[in-house]
Amino acid sequence: MSIAIPEITEKLLAAKAEKGLTFADLEQKIGRDEVWIAAVFYRQASASPEEASKITEILGLDAAVAKQLTECPLKGLGPVVPTDPLIYRFYEIMQVYGMPIKTVIHEKFGDGIMSAIDFTLDVEKEEDPKGDRVKVIMSGKFLPYKKW
Amino acid sequence: MSIAIPEITEKLLAAKAEKGLTFADLEQKIGRDEVWIAAVFYRQASASPEEASKITEILGLDAAVAKQLTECPLKGLGPVVPTDPLIYRFYEIMQVYGMPIKTVIHEKFGDGIMSAIDFTLDVEKEEDPKGDRVKVIMSGKFLPYKKW
Amino acid sequence: MSIAIPEITEKLLAAKAEKGLTFADLEQKIGRDEVWIAAVFYRQASASPEEASKITEILGLDAAVAKQLTECPLKGLGPVVPTDPLIYRFYEIMQVYGMPIKTVIHEKFGDGIMSAIDFTLDVEKEEDPKGDRVKVIMSGKFLPYKKW
Amino acid sequence: MSIAIPEITEKLLAAKAEKGLTFADLEQKIGRDEVWIAAVFYRQASASPEEASKITEILGLDAAVAKQLTECPLKGLGPVVPTDPLIYRFYEIMQVYGMPIKTVIHEKFGDGIMSAIDFTLDVEKEEDPKGDRVKVIMSGKFLPYKKW
Amino acid sequence: MSIAIPEITEKLLAAKAEKGLTFADLEQKIGRDEVWIAAVFYRQASASPEEASKITEILGLDAAVAKQLTECPLKGLGPVVPTDPLIYRFYEIMQVYGMPIKTVIHEKFGDGIMSAIDFTLDVEKEEDPKGDRVKVIMSGKFLPYKKW
Amino acid sequence: MSIAIPEITEKLLAAKAEKGLTFADLEQKIGRDEVWIAAVFYRQASASPEEASKITEILGLDAAVAKQLTECPLKGLGPVVPTDPLIYRFYEIMQVYGMPIKTVIHEKFGDGIMSAIDFTLDVEKEEDPKGDRVKVIMSGKFLPYKKW
Amino acid sequence: MSIAIPEITEKLLAAKAEKGLTFADLEQKIGRDEVWIAAVFYRQASASPEEASKITEILGLDAAVAKQLTECPLKGLGPVVPTDPLIYRFYEIMQVYGMPIKTVIHEKFGDGIMSAIDFTLDVEKEEDPKGDRVKVIMSGKFLPYKKW
Amino acid sequence: MSIAIPEITEKLLAAKAEKGLTFADLEQKIGRDEVWIAAVFYRQASASPEEASKITEILGLDAAVAKQLTECPLKGLGPVVPTDPLIYRFYEIMQVYGMPIKTVIHEKFGDGIMSAIDFTLDVEKEEDPKGDRVKVIMSGKFLPYKKW
Amino acid sequence: MSIAIPEITEKLLAAKAEKGLTFADLEQKIGRDEVWIAAVFYRQASASPEEASKITEILGLDAAVAKQLTECPLKGLGPVVPTDPLIYRFYEIMQVYGMPIKTVIHEKFGDGIMSAIDFTLDVEKEEDPKGDRVKVIMSGKFLPYKKW
Amino acid sequence: MSIAIPEITEKLLAAKAEKGLTFADLEQKIGRDEVWIAAVFYRQASASPEEASKITEILGLDAAVAKQLTECPLKGLGPVVPTDPLIYRFYEIMQVYGMPIKTVIHEKFGDGIMSAIDFTLDVEKEEDPKGDRVKVIMSGKFLPYKKW
């Protein structure tokens, strides 16, 4: 899957690996969710100067890195249909359950959308004797279509 | 957005509208989640004969419809990038948060994926004074890559 | 350009043509902007029951049409790159001025987007001796990226 | 989103950041709109020798940079469907409101298009207690189709 | 090549064939260029009521056809890369000579484009003992990029 | 627009700029049309050894460059739909006028095509008080389909 | 493989099947190659009135069919990459041997192409004890690039 | 046309040019067809150690090059629709004559395909007073579909 | 997933369902593998007249159906990337294991391919206490690249 | 076929070639299947620290390489339709036999899929006097769709 991982991401991941830290550890230290922190690493989210400093201090990286993390990035993976199986499953969920979700949201809320900006996403591990489960919880503000 | 909605879906939706039922009502009557029932309506999921009969009885539709609902459908919306804004947001979430989610899941579970088959999806309304929120909860079994 | 115009759109446009009404006339009578009304015609926006009734009364169409106009539609033109020259120009504007707009918005507002949902769009005619001009005014709520 | 930002753009942005200047500041100093100046930065517009000199003087860059800014660039972002959420919203607006805008423009002006060349675009911040709004004002000359 | 030829085009072409008329004949009778008239037939251009009446009178078609010809059509063939060899050659010319033409036009006129709206196109037969030649003459107004 | 301009093209354009020569000047000196010469620059056409020597002598470039210009290049821009507005207009012309041109050529010549190989293309500036016009004249041998 | 076979093709193939004729038989009766005749059946080639009459007489079809066969068709299969294995192999040959063929043709002929218009194609059966072979012989006029 | 020519191909072509050899010369010296040899150059075919040694000895290249030529390459040009006019014509032939060839082969051989693996391809120059012709002869084993 | 299932397939499946037969039953009665028989149903394989008669006799369908089953079909699903999850997994296997399989086959057999024509495919159910497994066994003749 | 082979893959393949080892040899030494080992080489599968050490020890590579082999890779070839003939055949099998396999699996197992994660794949050489055969055996856990 031809995604150009930015250089800064490589640097951040290498420093994190060297320190033996997980994203869950960073969540503890920084006070932000691990998924959001990972999004900062992959330049899909921008940090405030304070957040950026905390991240680079913990990882032992310099201020130039911190500054870059505060910039508003160009976002998105790029490939139209992702080939990585883990990421593809989210594409498949949208292909298979897109219309059912749309119908149920409209029934519950009226015409509008779930925001992907005023939005949070958590990943949790649900232990289960039949096999652990990945729990992904999305919460986005409902935005009704404005009429004018 | 050029999606050919199957005829049977139109028939089911029309009958449901005529009876004045919501998917939440159907959830109550059938004992299955509203999203799963909507997936059956859109021919993205197959029902057991009992489930199919319950659905068609409630909607006042005949046995031929029930039989069709038990068949294993060809699944998927079709359009590579969905243009409907509500559905697109889920595509955008995968574009923006795909890599962060991947990294966090691998860190928590190792190499593997979240199943989109041994999988459930709930849509909830979170009331919030700053604007209600759509909560989407996905739970999929973690499948580790088998080695051989 | 292969866009399947919905049957109901054809019916609405034909009735409007027969009555000799412009969208500007409908704006006067309905109290909603002409672009929004045209979006209802093309099934890109949903009307309230009252709005739908007003539209169909003015056009002499029946209640079944009105009911359809209140449903939440599947939205979007479909073709990835539009071939119609008028519509293409908006695609070109995004191709050419996309990055400059992004930079300026981020500079003025921080990381986030202009909502296309909490959004209005007006089309005005600017008379000009060197050739009249089309003025398109978009106004969308700024949505800052939520952190979590 | 795989867009190759030209080297000269990086250089201009870095110099502007170092000087602590915004595009609005440059608008003041250069007498051209901030969006147009950003378009010059991203090599989507070409400057006159005077404009180019002013820009490079303010930023402390050399004459070779100025000369490059006067060349007619190859324009356009490239990716067919942009994945960056801010830029995508403009694509979505065209997907959803493309036909309504077309209809209203034809009704007001006849057959023809809004020029994207004899064209200006402004971005303004509308303060609003319910959340500030992004106002984008496009003004393009109407070009009627010539018959021959 | 999967192009849906509109019904009205089929009707116009059939009537023209029945009358034994060429587009060159129509040029004589209507006072418009044969290519433009063919564009009206294929619903790529809109006629004035007078032009539409002339066309339908000559072809013995009714007023409903004439009215349709005055509507502003959705334009464009559709297929991204045309497969018909005659049409493909124009695509190939743009592929091969696109950059050279761009360079020469910029050198002669500065930054801007050749309008495809304030535009005429003629097709002529050049007799030549080594094989007749197709001459295509395009003339489009030069539109310089507006600065603002 | 992601087109990889070959290194040799950059070198030729730089030398031409340094000498202060236009393609029209080169036309005078070399005895070939400026568009064809630009096509040689962009490696879309191959020169004879004599033509190549003339070009490199005028530009003060060495024999290795001349040799490269005589090689048969891989041709074509690459991007399926060009995003540069000037080049896109030629794509639009084919989208809008493709079928009309096809019909008129078949009517004048029978089944066959206009050659894009036994082909010339001129760009002229037509002065016009209402705005100068770009005139593009294409002349291609008509090739009738061979039957066998 | 979603190719819309034209109705007239279905009619011609059905009549041919009913008469128990092969394309080789038609070659004998009509004096044109079987591949060319098949191309006429699939509306990829146009027949003269005499050829069309011969074909429809032999097949017992009426004059309206004959007339249609004389029209210049829109050509090409449509799908960008063909999925039918037999047709795909020709696509694969171009993918694998495209550059080698290009190089050898340029070496033998100079810069130019093999015409696909002044072109014939024969399919022969080569009997071979190790398995019969399909022989496809293409012959196209070499067209050197014109310089101007 | 954005095809990444492998470095080894550049090296082989440069050595061949320096020695003043044509592919036809190599055919004489190596005892393999010039097209196949060109396919080895472009890393679309793999040579035996003996063949590879012969090639590199003739061209004065070292054993490391020879070794690389024996490796099984990743094959195919890449671009879905080739833009180079010479190569495109083979794509066009498949678009236009694909169905006719399919029909004739099935009629002569039954259900199956022409192999593109047990396959040879020759390019010949047919001298012709009306213009020389390119003759391309393909011979592929017919492979009937196995039933099981 | 927008696949146009041929009418004859619907007819065959309906008759099979009515008779209460599985493909495994048909395998028993016809003496051909169930997958191959399903391929005949979906018009991806052609039957001999005897096989076709057996199939239609068992299903109580007429001779016209049998005749159609003997015709060489246009093959392939169509959609470039399949959206149905079951079929997609085979696409994913090729994406993930394509290069490893290629390397291992070349190591075991040399340069060439596994035929998809001289090819069989079986689907078996492997009972397993941890969850039954689907076993898919492909066997294709190795075809070495011919040199010439 | 433009696939960027990772640097580490090149290093592993080079070391393996130098040692004169086949994947079958590695299977013997490492106790894992040769296809899985090749998948580790191509960064499509991740190894445990023990497996990674064994691989690098055998190949004489350092610990940094071993560490990289334990990371969860981004998976997938990338090109939507593969052009390499060997890999394409697997795509073709899915195109041609996708629906038949789907039908047979559903008949044997009900609604669900064959896992591509809890999955093994073997490549065997079947000697055959009529030509050796490639046998590919896939075994994936059947995953029934969960209802909720």
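The first chain written gets the first letter, and so on, giving A, B, C, D, E, F, G, H, I and J; residue counts start at 1 in each chain.
The rule is short, and it goes like this: a contact is a pair of C-beta atoms (placed from the backbone, for glycine too) under 8 Å apart; a residue touches a chain by one contact, two chains touch by 3 or more.
A quick note: this is a predicted structure, and the numbers were derived from the prediction, not measured.
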>> Applying the touch definition from the top, give me the chains sitting in contact with each of subunit A and subunit I.
In response: B, J
>> According to the touch definition, list the chains common to the neighbour sets of subunit A and subunit E.
In response: C, D
>> So using the touch definition from the top, which pair is joined by more C-beta contacts, A-B or D-E?
In response: A-B
>> From the mean C-alpha coordinate of subunit A to that of subunit F, what's the distance rounded to whole Å?
In response: 47
> What whole-Å value do you get for the distance between subunit E and subunit J if each is reduced to the mean of its CA atoms?
Replying inline: 53
>> Can you compute the centre-to-centre distance for subunit I and subunit J, using the mean CA position of each chain? Integer Å is fine.
In response: 22
> In subunit C, which residues are in touch with two or more of the other chains?
Replying inline: 3, 36, 74-78, 80-85, 92, 95-96, 102, 106, 112-113, 115-119, 121, 143
>> Please list each pair of chains that are touching.
In response: A-B, A-C, A-D, A-I, A-J, B-C, B-D, B-I, B-J, C-D, C-E, C-F, D-E, D-F, E-F, E-G, E-H, F-G, F-H, G-H, G-I, G-J, H-I, H-J, I-J
> If you look only at subunit G, which of its residues touch subunit J in the complex?
Replying inline: 81, 83, 85, 88, 92, 95-96
> So in the complex, which bits of subunit G are touching subunit F?
Replying inline: 32-33, 36, 45-46, 51, 72, 74, 102, 106, 110-113, 115, 117-122, 143-148
> Where on subunit E does subunit C make contact in their complex?
Replying inline: 4, 74-78, 80, 116-117
>> If we count contacts the way the header does, which residues on subunit B are in touch with subunit C in the complex?
In response: 1-3, 79, 81-85
>> List the residues on subunit E that touch subunit F in their complex, please.
In response: 3, 22-24, 34-36, 38-39, 41-42, 44, 75-78, 80-82, 84-87, 89-109, 112-116, 118-119, 121, 123, 125-126, 128, 130-143
